[in-house]
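As written, the chains take the letters A, B, C and D, and residue 1 is the first residue of each chain.
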Amino acid sequence: MVNMSLEELRHFFEAEFPQASKDFLIEGHDGTDFVLRLPVDDRHLRPGGTVSGPTIFALADVAIYLAILSRIGPVALAVTTSASIDFLRKPEQGRDLLARVRLLKLGRVLAVADALVFSDGLEEPVARVSMTYSIPPAR
Amino acid sequence: MVNMSLEELRHFFEAEFPQASKDFLIEGHDGTDFVLRLPVDDRHLRPGGTVSGPTIFALADVAIYLAILSRIGPVALAVTTSASIDFLRKPEQGRDLLARVRLLKLGRVLAVADALVFSDGLEEPVARVSMTYSIPPAR
Amino acid sequence: MVNMSLEELRHFFEAEFPQASKDFLIEGHDGTDFVLRLPVDDRHLRPGGTVSGPTIFALADVAIYLAILSRIGPVALAVTTSASIDFLRKPEQGRDLLARVRLLKLGRVLAVADALVFSDGLEEPVARVSMTYSIPPAR
Amino acid sequence: MVNMSLEELRHFFEAEFPQASKDFLIEGHDGTDFVLRLPVDDRHLRPGGTVSGPTIFALADVAIYLAILSRIGPVALAVTTSASIDFLRKPEQGRDLLARVRLLKLGRVLAVADALVFSDGLEEPVARVSMTYSIPPAR
């Protein structure tokens, strides 16, 4: 099994997704989960100070993509084919968001993972997300 | 049942969501569906010229929110509680995206709808999205 | 594109799924949708006289499977890879259930469809279901 | 917070769902998760010896329902409002299925949980399921 180091993953992310890579910090595997951080700033906020749904979706999408790549190597063309998301609580204002990813299946053509999203430092999740990625054949 | 006119809906959208309302055009009900247009520009594109998943998610989210409000009146605090999305095809470059919404249930506390997203002028959908919104009690 | 006639589809269903085929009636395409009927009897009922969630799930699963096969030919090994379902209303007692399927994508390896489930004769759907099927390569 | 003992939960399950309670064994909380066992027998099998999708759906549905009730007390009328499921691998023949439930939110009107389903003794999950339950107001 291919494994990308944290350094390789960060270089790949910056080279292939220069814009998105400015928004997120790759924290890497913590033993159980793969962790991606979103330093929340004004661009992500809705009226009322809460982080928007599409921003939480984007955080989970990138986190799961990078978690898969950390295992299969740099496959820029892997694409999300489906996702389901439950919004559980309002994110706490003034705290970063963390997505914690579990890989559930790494198949030949499909990879499935889920993630819990937390306000940094709090125990109750803000959102639950699961996604399927399609892996291109020429891997 | 409360019904907001297209004019009322546009005013509400601009007043409550000044930023988002610049990104979308409310086309309104076409007899069957409620339609929202995303004039695609460079901000929405990923490397390769395709519209990003979170942008398609945001289009469907706003479209379903406005479709619900067009029926229950201006409830700014309705929030998405869950969503599922299937990405079916790459959006065609250089075309706007249209979300076409069907309301499936307008209950006391929950509203459920689904949407198909199309590249303008094409028949095969780019994405299928379903969402549940929680309606605040003081409606 | 391969197309199975209603007669071919029924024979295939009875030969490959002798048990399930006793529970369902294939009504076929009605111009827009592919329709499968569940003649409801006591086995499907929960306390209170309502049809159980897993029964509604099974109805949609079989309906979508047969709708796909009606287009790609008799592929017994197509399998459900993911599903999302919204339960919208209680089914009406004493009425059959109908699943009405729309095919959204027939790809090389994945097929995606959604279905609305109705109590026969009523206009408001009981459930909304979307599913992805994996198509085996040797097709 | 109300907590039902394992004994109370089993009595409630047998009294309210006499049929379903014969199919499942409540193992209870194992420290992290709430666990429900399905002793697999011929009724659950599809041609080829695999457990059917609707049976896995039913296992997760009952497991999540009981996990919620173990926390909020005997609310027979809680109903599933939505679910998403990913089928990851074929269950291994000749092994029971276990659903392991995590409660993610216990709100006033909605409860959200997810579950992983395993073939007993194996480490890789057979399915991932998330569900939302509506809690009746008179609780």
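Here, a residue touches a chain if its C-beta (ideal position, glycine included) is under 8 Å from a C-beta of that chain, and two chains touch if they have at least 3 such contacts.
Given the structure is predicted, the values throughout are model-derived calculations rather than measurements.
Colleague: Tell me, please, which chain's centre (mean of its C-alpha atoms) is farthest from the centre of chain D?
Modeller: B
Colleague: Any idea whether B-C or A-B has more C-beta pairs in contact?
Modeller: When the contacts at B-C and A-B are counted, A-B has more.
Colleague: In whole angstrom, how far does the Cα centroid of chain B sit from the Cα centroid of chain C?
Modeller: Distance between chain centres, rounded to whole Å: 28 Å.
Colleague: Using Cα averages as centroids, what's the distance between chain B and chain D in whole Å?
Modeller: It comes to 34 Å between the two C-alpha centres.
Colleague: Roughly how far is chain A from chain B, going centre to centre by Cα mean, in whole Å?
Modeller: Chain centroid spacing, chain A to chain B, equals 24 Å.
Colleague: Could you list which residues of chain A touch at least two other chains?
Modeller: Expected reply: 81-82, 84, 86, 132.
Colleague: For chain C, which residues count as touching chain A in their complex?
Modeller: 81-82, 84, 109-110, 132, 134
Colleague: What residues of chain D sit close enough to touch chain A in their complex?
Modeller: Checking each residue of chain D against chain A gives 84, 86, 88-89, 104-105, 112, 114, 116, 124-125, 128, 130, 132.
Colleague: Under the definition above, what is the set of chain D residues touching chain C in their complex?
Modeller: Residues of chain D touching chain C: 16-17, 46-47, 52-55, 57-58, 61, 79-87.
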